[in-house]
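Okay, so here's the structure we're looking at.
Should a chain be cited, it is by its letter among A, B, C and D, assigned in written order, with residues numbered from 1 in that chain.
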Amino acid sequence: MATAEDVVLEARGITKIFGNHTALKGVDISFRRGEVHALLGENGAGKSTLIKILTGAYTPDGGTIELEGQPVSFTTPQQAQALGIGTVYQEVNLLPNMTVSDNLFIGRQPSAFGMVNRSATDAMARTVLAQYGLDIDVRAELSTYSVAIQQIVAIARAVELSGKVLILDEPTASLDRHEVEKLFEIIRTLKARGLAIVFITHFLDQVFELSDRVTVLRNGFRVGSEPVSALDRTGLVRMMLGKDLVHHNNGPVDGEPDGGDVLMSVRQLGLTGSVLPLDLEIRKGEVVGVAGLLGSGRTEMARLMFGIDVADNGALHIDGESRVVRSAREAVSLGFGFCPEDRKADGIFGDLSVRENIVIAMQARLGWFRALNRDEQLEIAGNFIEALDIRTASAELPVKLLSGGNQQKVILARWLATDPRFLILDEPTRGIDVGAHAEIVRMISRLREDGLALVVISSELDEIVSYSSRVVVMRDRALVAELRGADITPSRIVQAIAGQGVENVA
Amino acid sequence: MKRLQLTEIVRPQLLALACILLLNWFVFPGFFTITWQDGRLFGSLIDVINRGAPVAILAIGMTAIIATRGVDLSVGAVMAVAGAVAATAAVAGQPLVVTLIAALLVGLLCGLWNGSLVAFLGMQPFVATLVLMVAGRGVAQLITEGSIVTFSDPALIFVGTGSLLGLPMPAVIALALMLAAHLVMRRTAMGLFVEAIGTNRSAASYTGLRTRTVILTLYAFGGLCAALAGVIAAADIRGADANNAGLWLELDAILAVVIGGTSLLGGRFSIPMSVLGAVIIQAMNTGILVSGLPPEFNLIVKASVIILILVMQSDRIGEIVARRFARLKLRGKT
Amino acid sequence: AGLTVGFSQIGSESGWRAAETSVTKQEAEKRGITLKFADAQQKQENQIKAIRGFIAQGVNAILVAPVVATGWEQVLGEAKDAKIPVILLDRGIDASKDLYLTSVASDQVKEGSVAGDWLVKTVGDKPCRVVELQGTVGSTPAINRKKGFEEAIAGHKNISIARSQTGDFTRSKGKEVMEGFLKAENGGKNICAMYAHNDDMAVGAIQAIKDAGLKPGKDILVVSIDAVPDIFQAMAAGEANATVELTPNMAGPAFDALDAYLKSGKQPEKFIITQSKLYTPADDPKGEYERRKGLGY
Amino acid sequence: MNPRYRPLAATTLIFIVAYALCIMQYPSMWSTRVLGNFLTDNAFLGIAAVGATFVIISGGIDLSVGAVVGLAGVLSAVLITKLGLHPLLAFAIVLFVASAFGAGMGAAIHFLRVPPFIVTLAGMFMARGVASILTQDSIPIDHEFYRTISSLYYLLPGGGRLSVIGLLMLLVFLVGGVIAHKTRFGSYVYALGGNPTSAALMGVPVGFTTIAIYALGSFLGGLAGIVYSLYTSSGYPLAAVGMELDAIAAVVIGGTLLTGGYGFIFGTLIGVMLQGLVQTYIVFDGTLSSWWTKIAIGLLLFMFILLQKLVFSAQGRRTRLQKVPA
């Protein structure tokens, strides 16, 4: 067991003020050699802010930081890197326009006479990525790869940089089980090597699986630090939320499947090079869960349904009419809604207020001329802020200042405001804290009960199981299985993903 | 209604304008003198709003374009084209309505051209409008054959030099246009759409906004504004000077928008503030004229003033001040 | 006689320049010369490129209206090596005289002094505060016309330049600057005369004077340079008092000299100076306007 | 071939085809004389455009280059003709002043977070203003060294001249290419253009890089000014007015994205040559009036960008397809 002498990085009294909001209030924290330290807290508790301060991305408004007993004050992330602190920040912060190997080694490329040795860099990049089981063209631009791969690159980069401390801010949010396993293996090796590892996540299972010690933040205060062995799940949740989580374990969804009217049926919908033609029927009052590995084409299927990409094969049948949805606008006018998976890039309007972010889809549907006035907007926004418990200082706050989970709720509110009949949620709980997670799951069920049809894409099988009336599984860009009723269990889904049995889709 | 706070009223722009006016007064004590003469107001301040009107009108059109992360470099050239068209029509004896419609239509077409390149061909606004910036002046010269086409249609001349309620026509037009544009943006959802597109175009299209149509409309409106400014500029000198009308005014217009606080990276915008920016620029220009400084110094004065204004409104400086302040408060508490 | 001549023009920044271009084209046509025209968009480098292009094409002669006085040695040296005669139009250059056949130009300093002399004569020994509208800062005509004017009024203590600003040679700037001057000089009451480096600015300034409730030509004397049609119109209306002609027909004498040189090898005069003729309302402004209207100003 | 290079190859191809078309119409355009002139006449534009390429790849823009060229020329002339300094010493001073000027703009951009468009616009006014205070008239430079340099050239067969300044431009392109594509600094430039926030978090020294980029841009602007003064043996405050737009157009035609993060130095060379070709073609044609010249330049610019756009979107579709596992 690590002792106090093993402290590598220690911070005392960290305070951070954004405008008139204090994000951190006198937080003390210390990280020890050979220890995995989980940093937990609700969305907006201040975890990422703390990390950014520890690594020089933000300057604190109060407090001190010591690295191996020496006071340090980083003004740039570069200084932290140079002293052996490697960090993966929450949003994938890489350079999409540069090659994978540049992303891994920028600033550290092997060079002679000031010239970068490209082939050596590439070779190093290949070796590094091989540890993660990734064999990709490291000379291709990063943007040509999926979020998952980008996440792995970011992790690999941080690991390479971390001589003493490795900080991972929600590294597993866009990884699937298999990749998470790989990552954990690597973390264990690093731990054995004596690194201090800081790990932020909202998956409590992972906390218990991996970490040695836990620090919980709430509202910018440190609630406490405990060895993980001294905690159980409920205790941990209570520390985070300051109350117990009310559990609604719905179990498998009741009510007979195939019950409601068919809202929409998809016939041979496909796009060359994107999704193979697929058939699907979606009924009112039903949640269709979509499972599959990363890159299995789930997002692509959703984009086709919503008209972001235009299908070159097949059509949707809706209201007895067969039609190809050619634009998001058409989809919206049909009463569809879509929460995209990449919240930052495709979801939020960062500089606009929470109010504007909530009313925008509704306003887009009304057209530019029939404007909602400010009071109407405030009322709508206020209702949803309350209904979804969106934590924001006011409806006028720019949405980019909200924590990730709250941003997700804002986007959900945006679509609910349009009173949709069909909603596609792509990874709605990614990066969301346990409390909000439970709320969103509950909300999905409630929406279903209200008669909405939902398609929910998720990589978390437990979650899918908890709200789906039906689960379809995708593999290699094709719809390969459909599970109903008692078949909806994590293990059956895993089997279907792996391609064993249950092939009841023709 | 939103309660206005002190910090929202005392914008750095107003402060900058006050500083410049004060400076002007310092170099020329008669700066604030306004007299009534021949049924109109007369004085340096009136000159500021009168001369600032064309750039203000350009800025009105440019603001929303910049708010979508675009830019329109062609406005100066479009001014020249519209002026040339108006002059040619006036010389041909067309009535004012026809002249105006013809000129504005040409401006609209230019705007639609720019807008299509940006919205539908996906060209970068800077280069897309660079094309018309270069070629447009050629078109204007083609219309006038390089000479100044002088006209004497009193109705058209009135647009540039007449006055309404004692105020110069160009300023009246600019003011009316500003109000109209502001109302359209803020009383309809257009402003919200523009800001949404400028903040995150991808998210805007996921939301079901017609991003391309909106962008096309904005460029078309920009062309229209440029044409109006061109007509005013031509009417002012009773002739279309295709070679020089609107030359480099695109830079002034962009500057006005930026001084007005709209970011070149898109997002939030304010049309009245852009107009204020145009007034600030013109106040500086008029100040240079009445100061009696040798013309060699014009550019340096201009550059220094711009730098000063930018420093004044730099949010970074505001941030540093705010942080100092917050720390003081913190210390006070403990 | 089947000649091909390249003409590197500065650009088309003013009506006068457009007239020079169209007169040059007319004169070439009259003589059966094929004119290769290149517009340099106000840039010396484009003129140099154009001259090099003409050399590469092997034209028989080159006309250049140089945008600036310096920087021609090298490219004209290349023309000389290629045995292509070069004729300068409308302004001279700072280069060895054997690099060009002849220079057909006005004397810009003289233009300024003709204007100045007129003013000296007109005001006599009454005190006179003059405002000056300069051309583009740094341009050769602006510098020379300022110089000539200052020389002409130098000995006369009663005449002083009260204010001087650039109007960029344009009508609209001329108007704007004059507006400023009028405000700064007690509503224009302190101004006795306005001297503009070209007629376009003068035309703009005349409008500003009228807007200020004064009578241009009477309350404020107006003198300028170029003699473009519109100033004659103003003169006819009694709103302008004098202009100094800068003829757009530089090419006529140039082609004549070239013809003589190519036919008989006759070296023309090195500097063919066009006349800087003063026009006042006594010189039939209406008639002058009509004569000039069709020249492409 | 790496698909990254396709647009570059396409641009080069467009140039070759366009040149071939020109030669078909005017056979005398195919001569070493014309080729030599391409280099000499565009030398200063090319050098300044290399600087502009760095700035644009980093996601910025520099409107001050034309003015810096003018200022550098005037400063050289003042130092040499008026103060009697040796040209080499004068060059050193000019380059230092220019770099410091650029560094100042970079610092303003970084520390005040003012958009480059505005900072460099103020820089443009400032440089032009200082130049016209130094002198209004053009100052001839009559120095032995200047005469030697400007008369130094390698005579190509066919009468073409490979001048010192032409070669200098090629050298600048070469060095620029190496810096952009082969050094750490180069990768920082691309990183900034890709996403400045990420770049900062990844440890790219954003402040230093920004300042260095604008210093480099102005340094090359200064060098271009010196070349311009060699080219014309004089310094003139109004030299190269509006050249920044030519430089930016050359960079964009060369395939660099104005949004930053993508581009090649070599592409800019092609962009400069294409512009030179357009000019030369118009001179050879000799029938275009002033206004048709402008219209033609605008239309050709449009055509090149459109062609490139087509190549790019074909390229985009390709990478999309590539993502699909076989």
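Just a few scattered comments:
Just so we're on the same page, a residue touches a chain if its C-beta (ideal position, glycine included) is under 8 Å from a C-beta of that chain, and two chains touch if they have at least 3 such contacts.
The UniProt protein names, listed by chain, are A = Sugar ABC transporter ATP-binding protein; B = ABC transporter permease; D = Sugar ABC transporter permease YjfF.
These numbers come from a predicted model, not from an experiment.
Under the contact definition stated at the top, the chains bordering both chain A and chain C are B, D. Centroid analysis (C-alpha atoms only) places C farthest from chain A.
Chain D has its Cα centroid 30 Å from the Cα centroid of chain B (ABC transporter permease).
Rounded to whole angstrom units, the spacing between the C-alpha centres of chain C and chain D is 34.
For the pair chain A and chain B (ABC transporter permease), the distance between mean C-alpha positions equals 43 Å. Contact with two or more other chains is made by residues 141, 145-146, 296, 298 of chain B (ABC transporter permease). In chain C, the residues touching two or more other chains are 12, 18, 21, 137.
Not a single residue in chain A touches at least two other chains. Touching pairs of chains, sorted by label, consist of A-B, A-D, B-C, B-D, C-D. Of all the residues in chain C, the ones that touch chain D in their complex are 6, 9, 11-12, 18, 21, 35-39, 41-46, 48-50, 52-58, 68-74, 94, 136-140, 142-143. By the touch rule above, chain D contacts chain C in their complex via residues 26, 28-29, 31, 33-34, 37, 40-41, 44-45, 132, 136-140, 150-151, 228, 231-234, 236-243, 276, 279-280, 282-284, 286-291, 293-294. Chain contact summary for the complex, chain C toward chain B (ABC transporter permease): residues 12-15, 17-19, 21-22, 134, 137, 163-166, 168-173, 175-177, 179-181, 183-184, 186-187, 200, 203-204, 207, 211-213, 230, 233, 296-297. The residues of chain B (ABC transporter permease) lying in touch with chain A in their complex are 2, 187-190, 192-193, 195-196, 199-200, 202-210, 214, 267-268, 322-323, 326-327, 330.
Per the touch definition, chain A reaches chain B (ABC transporter permease) in the complex via residues 15, 17, 19, 61-62, 306, 308, 327-329, 331-333, 338, 340, 345-352, 356, 359-361, 363-372, 374, 414.
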